[in-house]
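To start, the structure itself, in structure tokens.
In this document, chain identifiers A, B, C and D correspond to the written order of the chains, with residue numbering beginning at 1 in each.
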Amino acid sequence: MAGKQVTPGTDRYSMAELMAVIMARAMAGEDERRGGGGANAIIPLAAGRLAQITVSPNLWLTTGGAGSINGVFDTLPIGTWDPRCDYHAECKNYMMDTVDGAIRGRKYTGGRLNWASISGLGGIQVDKYGNTNMIGIGDHPKLKVRGPGTIGTIWQGSGATSNYTEHHSRRIFVEKVAYRSGAGWVDGWDSRHKLLDGRDGPPYCWTPICVCDFTEEEHRMRLVSVHPGYTVDDVVSNTGFELVIEGEVPQTTPPTDWELQVLRTRVDRGGRLRTRRMTVGE
Amino acid sequence: MAGKQVTPGTDRYSMAELMAVIMARAMAGEDERRGGGGANAIIPLAAGRLAQITVSPNLWLTTGGAGSINGVFDTLPIGTWDPRCDYHAECKNYMMDTVDGAIRGRKYTGGRLNWASISGLGGIQVDKYGNTNMIGIGDHPKLKVRGPGTIGTIWQGSGATSNYTEHHSRRIFVEKVAYRSGAGWVDGWDSRHKLLDGRDGPPYCWTPICVCDFTEEEHRMRLVSVHPGYTVDDVVSNTGFELVIEGEVPQTTPPTDWELQVLRTRVDRGGRLRTRRMTVGE
Amino acid sequence: MATKVYKHMLPLEQQLPANPERRSKLISLEEAGRIIATKRSIGISGTHSLDGAMSLIRAALRAGAKDMTLIPPTSTSIAADMWIAAGALKKLYLSYVGFEYLGMAPNFRRAAEEQSLEIVEADEAFIQLGTQAAAGGRPFNVVQHLYEATVHPQLNRELKTVVDPFSGKTVYAVPALKTDVAIIHVQAADIYGNAQCWGGNRQEPDKCKAAGMVIVQADRIVSTDEIAKDATKTTLPGPWVDYVVHAPFGAHPTFSSNSYALDETHLKLYLEMCRNGRHQEYLDKFVYAPKDHWEYLELVGGMKRMVELQTMLAV
Amino acid sequence: MATKVYKHMLPLEQQLPANPERRSKLISLEEAGRIIATKRSIGISGTHSLDGAMSLIRAALRAGAKDMTLIPPTSTSIAADMWIAAGALKKLYLSYVGFEYLGMAPNFRRAAEEQSLEIVEADEAFIQLGTQAAAGGRPFNVVQHLYEATVHPQLNRELKTVVDPFSGKTVYAVPALKTDVAIIHVQAADIYGNAQCWGGNRQEPDKCKAAGMVIVQADRIVSTDEIAKDATKTTLPGPWVDYVVHAPFGAHPTFSSNSYALDETHLKLYLEMCRNGRHQEYLDKFVYAPKDHWEYLELVGGMKRMVELQTMLAV
């Protein structure tokens, strides 16, 4: 891989399309949980809708800002706060419902009333335990780089919520976040379970070049598959900490023609994912 | 007055009709406050509706159980939880709105978002400071008489809320309530203001035979007017504490023909108030 | 790593469900009753004699529910009193139990005066704030300028104090009031749990969030297309609801918001029997004997009576 | 006693108001701006670039609003950033200020990095719980199993701890977040203040309850008969609202729920000018120069552009 790529992907599909497809696959069979996610998270939104119409008919597709559940669209809205998410919705999800459900946490509700299985919580930094930083870099409050604020990353504490970024670089993937505004596996091992009443941390981390999960004991980020067009070395050289790598790391199964056809005709007719800006190594 | 009367009044009007009329008069000019009241308080409900269509066009008529504001009816519902209170309403008043508004209290909101000026909070006992008891009589928890529970009487603490009873006897009007579940002027003088952040206590007490208010300094119950058909002696002999009586106490101005006509054709077409059971001296 | 299944590696077409239909949450009334009977604490819907989840309550009593803790709405009548008639209640959070213009709740009053029932001397604020705290997974809610002037702190041992870390003042703390199950009456629901209550003062959403399980009884089951005409009318979102029961006139003998009137004749019968010590006879006849909901409806007057109540002029 | 007026003694016919009409709450946009400018703390509506009370914000800036404390929704873009552009903000409760797919908020970032703005390092939970506490007149709200694992307790000095009197455990306390005024965009309202927001995630009701005054800007003024067709659609009850302003397309350049699209062209213009240090020029042209709301609408494209945005396909 040679340096920075702004809209990675192949001739057949964009990387945003690949990410929507593989995250949809991961939601297969999800039941009573909610896809959707953050404001700008149209890829998880597309993934949730794609999963719902294929492999997860019981998924409750929730969008934050629009406050809707099971809105129907075939043209991807510009964000989860776009009121077009709300068309033909079955019920509403008000912000206080998000807050209440997230604080209760999954543990007490048997999976009901909970937040996203994949919610698109990124961050300006992500570390090896899946912690995220949306506050900034520098000496608070005199930050050199001011983040936009922590918004919903606080809900990483409520239950298993995957990490998700649209950018993969050593600047973002750091040994330790400057400010932990979203709790991943905290300091690894059982540190999160102790602080957060036994609640699990992120199961996965989705990036434009790979998929990671977290090891069973230390809960350290582990490389699971590398997207087509990239190598393990690409991942390693663009990651600011040591990833766990066990044996041969497979290539991420690329989107099939059928998957792309469903995505493009029933989720993203407007082709928004074709031109989605993502970066590698920036 | 000879002993117990179950539906007091005159040939021309029932006592319930008189009470609805005089409470409506007292709401004249009320603005941005809310009439309505407790479950069984159809007399304050009728009074609120009557005031709204005559002297208080800006009154927001709120009914508790039905959760409605400015419902339109000309036939009096059976209670404030009767869903017919909700017909043609302009907006809803949810229970949490009641709770939130009452706890904020009038002081902080300039009268907005507040509870009833006359809310129909009765009680199985009322004392000379306007405190009420809905808990019971006897040694708690081994009560001889179990009250139905304190329900909304707790909101007497939130702001000026009149006392209201449909029964007037020495059993109800007692020197000191056995359990203060609703706070009137507490122990009189400035005791209430000290405990409740300067919030005023009840302005009036409405009963089937008289109207009382509270003295300016001690905040002790004072006889203001006696309903037609009764005398000051009737009131005194049916009241278990010493009422403040200053000079000549006038007769309550009886309902005019016009008032009764409006009440009977635009508020209570069903004549529910004609047969309302109220008692004196029981 | 070898044993873990990575679903993202398997194309969607290889993971299609055997049955592409959404799963229905519809169960029978009797099944719902059996589920409720396994629980220990219950939250119920409605205010006063409005929108009581009466079918579910009767089904739970038929299924042998007992030793229950009840967190009722801020005011209720037969939806609380009937549990007590059946001896199924161990503990009651009391704000108001009574029959409004029809007088005191006979079984509640008897049990209270006999002290055969544990009563928490609560009130509207306590029920609402405790339920809101539980709905949000928070341990308690605080309140000031309210209980300071009443007897509640002396009588309600579940009301405590805490020092406000911002002002240094002592304020009251109301504990989270969680339940095992919330049972709710609505006018309409689809089979996926999206439920509409057409009136009332909406205590139900927090009651459901505060519960480990939610069971809805609906006067009518409607299509999801009907629900999706206006998502803001869905007062209980589908994902909150575990089970849906079709129970036409299921709020009888209470009001169903904007649907049918309370059955004053039946409530008076209940009160008269219970006030004369015949509560067991009432239960035998109206709760235990009917083999299903339809038989109950026949017993209380059948279609003729239900249509009368639907006119909303019957009382 | 002689001097006190006892209204209950005076027949209703002697107390009839000179004008039997209900009082209208309708005021002009400029008057609303002047009122807002007298306040010190503000709560605003919308989420992200949705349902921003932009007309009122522009009017307040024109009226010289300054030294404000802003409690925004849990996420916002231009509705927060424009106050900062105008130098009108002293303190910001931050959860998220950014332009989503269009990038960082330029004035916010600049002010933050220059430290010319006091920032409370808040988050969604803090804003929501603090607003809910204020809405209910309660001094604080508690929360557990959340902040324990994040940096917020170190950075946000308004977040404190308290000992749960029920469990003995230490939990976090979020203070009540009151404001002097809440300014809210809705799609429809009547002149008495009954207001309907047709979408969004409904942060507005608690924002209004937490405020000492509520001013609503409405895309359209409708009759009370229209409002009364369905009281459940009234998201802000009339008695909560102090003033109503008629501001068609008043959310421009943000979305108005189910009414018109966000104006991406205009937002990009704003961002480009502000990112190049030309924020004053933007303000002069689009905020201070227009003599009224109609002139603003002409300036940003007039009826042709507004109709385009109404198609909801314009972005």
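Everything below uses one rule, namely that contacts are C-beta pairs under 8 Å (C-beta built on N, C-alpha and C of every residue); 3 or more make two chains touch, one makes a residue touch a chain.
Quick caveat: nothing in here was measured; it's all calculated off a predicted structure.
S.K.: Which chain's mean C-alpha position is the greatest distance from chain B's?
M.R.: Measuring from the centre of chain B, the most distant chain centre belongs to A.
S.K.: Name whichever of B-C and A-C has more C-beta pairs touching across its two chains.
M.R.: More C-beta contacts join the chains of B-C.
S.K.: What's the distance between the Cα centroids of chain B and chain D, rounded to whole Å?
M.R.: So the centre of chain B lies 38 Å away from the centre of chain D.
S.K.: Using mean C-alpha positions as chain centres, tell me how far chain B is from chain C in Å, no decimals.
M.R.: The mean C-alpha positions of chain B and chain C differ by 30 Å.
S.K.: Would you give the residues of chain C that are in contact with at least 2 other chains, written as numbers and ranges?
M.R.: 129, 136-138, 143-145, 232
S.K.: Could you pull out the residues of chain A that touch at least 2 other chains?
M.R.: 68, 86, 92-93, 96, 99, 103, 105 - these are the residues of chain A that touch more than one other chain.
S.K.: Of all possible chain pairs, which ones touch?
M.R.: Pairs of chains that touch one another: A-C, A-D, B-C, B-D, C-D.
S.K.: Which residues of chain A touch chain C once you look at their complex with the stated criterion?
M.R.: It is residues 21-29, 31-32, 34, 50-51, 54-58, 60, 68-70, 72, 86, 88-93, 96-97, 99-101, 103-105, 108-110, 112-113, 204, 211, 213, 222, 224-225, 246-247, 250, 252-253, 255-256, 258-259, 262 of chain A that touch chain C.
S.K.: If we count contacts the way the header does, which residues on chain C are in touch with chain D in the complex?
M.R.: Going by the criterion above, the answer is residues 129, 136-145, 160-167, 169, 171, 173, 175, 232-233.
S.K.: Quick check: in the complex, which residue numbers of chain C touch chain A?
M.R.: So the residues of chain C touching chain A come out as 1, 4, 6-13, 15-17, 20-23, 135-138, 190, 192, 194, 209, 212, 224, 227-228, 231-232, 234, 236-240, 242.
S.K.: With touch defined as at the start, can you tell me which chain C residues reach chain B in the complex?
M.R.: 47-50, 73-75, 94-98, 100-101, 104-105, 108-109, 112-113, 115, 119, 121-125, 128-129, 132, 143-152, 155, 199-203, 206, 255, 257-258, 262, 312, 315
S.K.: How about chain B: which of its residues touch chain C in the complex?
M.R.: Residues 39-40, 42, 64-68, 78-79, 81-84, 86, 92-96, 98-99, 102-103, 105, 134-135, 140-146, 148-155, 157-158, 179-183, 186, 192, 195-197, 199 of chain B touch chain C in their complex.
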